[in-house]
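Two complexes are shown next, each including chain A; its partner changes from chain B in the first to chain C in the second.
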Partner chain A sequence: MSVPPRYRAKSRVDVSGEESRAKAVAVATELFALTGFKGTSVAAVAARTGLSQSGLLHHFPSKAALLTAVLEERDRQDGDFLAGSAGPPLGWAAFDALAALVARNSTRPHLVGLFVRLAAEATEPAHPAHTWVREHYSGLQRWLGDAVRSGQERGEIAADAPVGSIVRTTIAVIDGLQQQWLLQPDEVSMTAEFEAFAGTLRARWAR
Partner chain B sequence: MDIEKVLASLDLPRKVRLLTGSALFALHPEPEIGLASLKVSDGPTGVRGAELRGGTIACVLPNATLLAQHWDPALAREVGEVLADEAAAQQVHVVLGPTINLHRTALGGRLFEAYSEDPLLTGVIAAAYVHGLQDKGIGATPKHYVANESETERRTASMVLDEKTLREIYLLPFEIVVEDSAPWAIMAAYNNINGIPATEHTELVEGVLKGEWGFDGLLMSDWFATKSTAASANGGLDLVMPGPGGPWEDKLVAAVKAGEVAESVIDDHLGRLLLLASRTGALGEQRAWPQDLPAPDSEVRREQLRRFAAGGMTVLKNSGVLPLRDSSVALIGRHAIDTVAQGGGSAGVRPPHVISIADGLTSRLGSAVSVVDGVEVRLRYAAPGPGVLKDIRATTYDADGEVLASREMEIAELAAYGGWAQGASSIEVSGEVVLDEPTRMLIGVRGFGDWTLDVAGGQYATLLAWANGIVEEALLKPPHWTAEVVLSPGDRITARVREASALVGLITQPVPRAPADAIGAAVRAAREADVAVVVVGLTEEQETEGFDKATLALPGEQDALVAAVAAAAQRTVVVVNAATPVLMPWLAQVDAVLWAGLPGQEAGDAVAAALLGHIEPAGRLVTTFPRTDFDALPLIPSNGELVYSEGTAIGYRGATDPLFWFGHGLGYTTWEYGAASQSTVDGVIGSVSVELTNTGERPGREVVQVYLRPAGEPVRLIGWAVADVAAGETVQVDVSCSRRVQRVWADGWQPIGGGEVLIARGLGDVRVTLPADQE
Partner chain C sequence: MSVPPRYRAKSRVDVSGEESRAKAVAVATELFALTGFKGTSVAAVAARTGLSQSGLLHHFPSKAALLTAVLEERDRQDGDFLAGSAGPPLGWAAFDALAALVARNSTRPHLVGLFVRLAAEATEPAHPAHTWVREHYSGLQRWLGDAVRSGQERGEIAADAPVGSIVRTTIAVIDGLQQQWLLQPDEVSMTAEFEAFAGTLRARWAR
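Take a look at the complex of A and B:
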């Protein structure tokens, strides 16, 4: 069965520009994750997207631009995952949300691997993702800082809790667990280890 | 009735008129020759009737893969009998099914309607289903002839495959069904095969189907598929659907007069149509329709549908946590509450009810179950129904604003085309929101058209233009517009649309919470319980006619939900409410996986029966599960052509190290295989016999699978048998093996030689190996 002939306008699927762009980003994410940034060609992304190479370059002028789009899309998706339309979780709820994020990362080892490698490489100022990696970390620090201060204002978190230190060690634990989990996926449970870490924070600073 | 005589009594225009449908799902009557209007109806999973949406209430059966997972022709026959009764209750003569295209790649969007990746299993199941229908006087329509394995560009793409691949794989289910069950009709596909439309493929229709195999039934087109006049009529197509309109009618009369089509060709088509009418009781003396059939929600039907669903469910992994014996269960996931009973697309059926998994398990275990909603699973919006809106009403208006018709609705969605609203100048849909207190809600509209929306004192307008011309979008993938507003009890949402196309619907739902927040709630519930049962799945957004999948990953943040719960719970069972393979990045972290399919209207009761072991989920997979998206064959045509480059190495035949093999399924007991022997005549294995012991503590059902791995050709299933065995008992199982998969096509059928016979529980668990050539 199908729809009425009145709507049979075109013979070939004509994917709109927005859809092609989104699909290219999804394909590039998968290919970067599986074969690395260096090992992925623009041609391979174009082929899997169903675009010509020039069609892809129309959306993304270079491979570096594609990488930036992939990373921005990842941050956008992480943001939606954590916050939805209601605004970011604050207080201890932020740490529950981070635990869910860590669980989510545990289902996508290739993407975590891509991020870990890129984040290390992109500390180099000349790297195409250098601006992104700086903004990524400063954004994370701002949110977690707000979360802890908000917890203090609400009385969930002790007023004398060291905000900056809690923020930096929390990020360090997540990054360090990712690194170890990539090396020993069957022995390290990022989710359980992060839960344990959040538990010690609560035990020390919850009110 | 003498069909020759009838043909002679009609002139050419009257004959040709009968060869195009009279409506979306009906054929022309011709009182002069005693021909009633034949009624046809979609469906493989239920007999929908003539309305695309909101029509007659009918049984929604488990989907095709779940039925096929029984590997049991006797059950398939019983399914056909139920569908025959459902058709008779609606005075439908012909059911448009079964779908016997194959699962070429797991990315196919419509695989939920098709049985399997294996041509023998597909053909045998389909033949039994056809017998079930036709023995009760209802015509079956195996479809879509042929090579219609994916949906992308389905109307125009040419499937490129060599004759060996066609013969050994994609034609084989049709060959089996024609030779073993003589269907009264077959449907020709949308696509082209090697450049020639399926609706005018003389070689495959006149040559193979009607010639070699002796098919004496009627070949109808898929809906709006016919692209030509003379070429399709001469190519063996007997009936253009739907009508009125299309490329035949007057044009075909003219073609006959111009000598492009012989009148004898018209007579042959009409003769086949009259034979179908005669077989279904619509020619001459009319059939009597039974009046005392069980209702779709009768106890007899509910028992059958539970059994059809639960027995086909498949245990993919089990550390011993199943069947459930725990005292407290955290039941988690949107699919637990909003269980998906059927796939998407034109074949959707309106059920009397859908038992959710939450209701099914709670009715068995009571307060031991705590239910927690999971993450969002849809990117698009579902039609709001009872519980969300009440007093739902649709009203159609003419161009002057006069009311044409007004109806109460079950759900706030209707078809602007092909139903009672067709032809209206504008359509209004409204409903009163069901709320206990003022709540921030997401409201909006779905479908192409020029909309106005009145809600809670606000007025909105939006134009959803039908812009980019993808054929299926109008009905199956409508655009939407939404806003967040605070609604109070008693507020009414009223939307009116002008220039609507296929679908008209409202959106009303709570503003979705952040996935991390929903996962946090699930994790807290999981910590409190003895066992967490997480229900995940696909929806009609992935499993649908008209569209293929871009990924096998579960939609939304369901993978994260499972991983988070598995890290927190004592034990975790995952129930997958989907028909076709999904990726399982959390597989190593969970204790059990139950593959539940699309279980139909009794879904929740069937899942509960399977989880608790009241019915053994004794299914075996009917398709091979890839580990990653990259392991699934791509299905995007290039320059209008999709090359079946894997040839005959479809599914398990070409797989190495899949996530799960075709044929895999653990059930609830364990099996030991003993001495085996085979009987071979003239180089063809006729049967294999093996000693089988149920070594577990429960009675169980085994599917003994016999494969042949010939030298130089892909491994293939050649036979199977189901055996019900009590705990501790040993039985002798005889498996009869099909000749039809023990041959190769090389300018005609040639014998296959040598190799090994494997008795296996899926190719990942081979139990016995025998040389193939011992006489």
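Take a look at the complex of A and C:
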């Protein structure tokens, strides 16, 4: 089947732009994780991506925009990880999925450090990643809240378990453990602590 | 009894220096909390303290040093608050003291924001507040660990309760709730969530 040339041309341009964009995000993730946000220049990201600096700035108007894209990509990947191949995990299985995510994070200190520092900075409403950080938390709360409510419907979590509290505290434990782990990597096992916490929740609210 | 003049003179100088220092810390706390670390100039702190800028820099060689002093003072005040008038609270009483501290923090969003952002930034080893943040966490862990072990000795906490896990997770919950509360102040009650968490711990480990 023949396709009008201008559509093919347009399609090639889009694909190439999308590829450059994705490559820049991958390069920036690696550099931010290795040398930090402040220690990474837009020029270095452009060079490794194979773009001119103005070419990179065409996709991302600022280093902050690049960082937001890195974090959105991280959320997307974590989202895929949490979603599971057979649909989102329900009930206690969601806590197993979170434990697996925490275990994966334990192998990525630079990325965890980047996330912890950025999420804290971005609590300021004027910060360029403020919208991202708000959506990150509300998205995670929604995902875990849905899982806990499904667990209640399936009868594996007590009907009177306080969903909102369980959700907020579980996310708080993950965040707070990251902070301590970054400071005391040899003393804190995020995975063991998170599993112990999930075990306590289960002992209290499993039906 | 007569005292050699040079010692008296030295003592007067020290007291006055100590007063200026304490006043600068109080002023900086107020300004950092109101306008943020970046939005506060050394000149503004000096002016409100009644010192020249070089006079302030004599006590604190940089704005970062001033910030570290602010946070050390916050830790000292929180330490006094947690210590209680009748000695450090033991066993579950330590969790009640923490709940009261969380309730007090709920009235100080600017100071909580400052702490959250700085504690995250300072996870980087080169950060000027890195030593402070490490000592902050190890001090809090020691205080709560001692309280839980006392609770075990007094027979109010199960002898097989995992002290390290309880300590780290409790601190993680406090930190993580601050992060969510800064983003969603109307949706998150740090005090209610912390009390629910402490209730879950108690249900699991009280004897």
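What we mean here is this: the second predicted complex is superposed on the first by the 188 of 207 C-alpha atoms of A that agree within 3 Å, B and C clash if a C-alpha of one lies under 4 Å from a C-alpha of the other, contacts with A are read in each partner's own complex, and residues count from 1 in each chain.
Throughout what follows, a contact is a pair of C-beta atoms (placed from the backbone, for glycine too) under 8 Å apart; a residue touches a chain by one contact, two chains touch by 3 or more.
Note that this is a predicted model, so its numbers are computed, not measured.
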item: Partner chain in contact with A:Asp146 - chain B first, chain C second, else both or neither; value: neither
item: Which superposed partner A:Thr169 touches (first chain B, second chain C, both, neither); value: second
item: More chain A residues in contact - chain B or chain C; value: B
item: Which superposed partner A:Thr107 touches (first chain B, second chain C, both, neither); value: first
item: Which of chain B and chain C A:Thr191 touches, first, second, both or neither; value: first
item: Partner chain(s) touched by A:Glu73 [first = chain B, second = chain C, both, neither]; value: neither
item: Residues of chain A contacting chain B in one complex and chain C in the other; value: 192
item: Chain B residues touching chain A - in the complex, by the definition given at the top; value: 42, 52, 96, 152-153, 155-156, 190, 222-225, 245, 345-347, 417-418, 466-476, 484, 501-502, 511-517, 519-520, 523, 545-546, 550-551, 557, 559-560, 562-564, 567-568, 585-586, 588-589, 629-630, 634, 636, 640
item: Chain C to chain A touching residues, read off their complex; value: 36, 113, 116-117, 119-121, 123-124, 133-134, 137-138, 162, 165, 168-169, 171-177, 179-180, 182-184, 188, 192-193, 196-197, 200-201, 203-204
item: Contact set on chain A toward chain B in their complex; value: 1-16, 23, 26, 30, 34, 48, 50, 80-86, 89, 93, 96-101, 103-104, 106-109, 186, 189, 191-192, 195
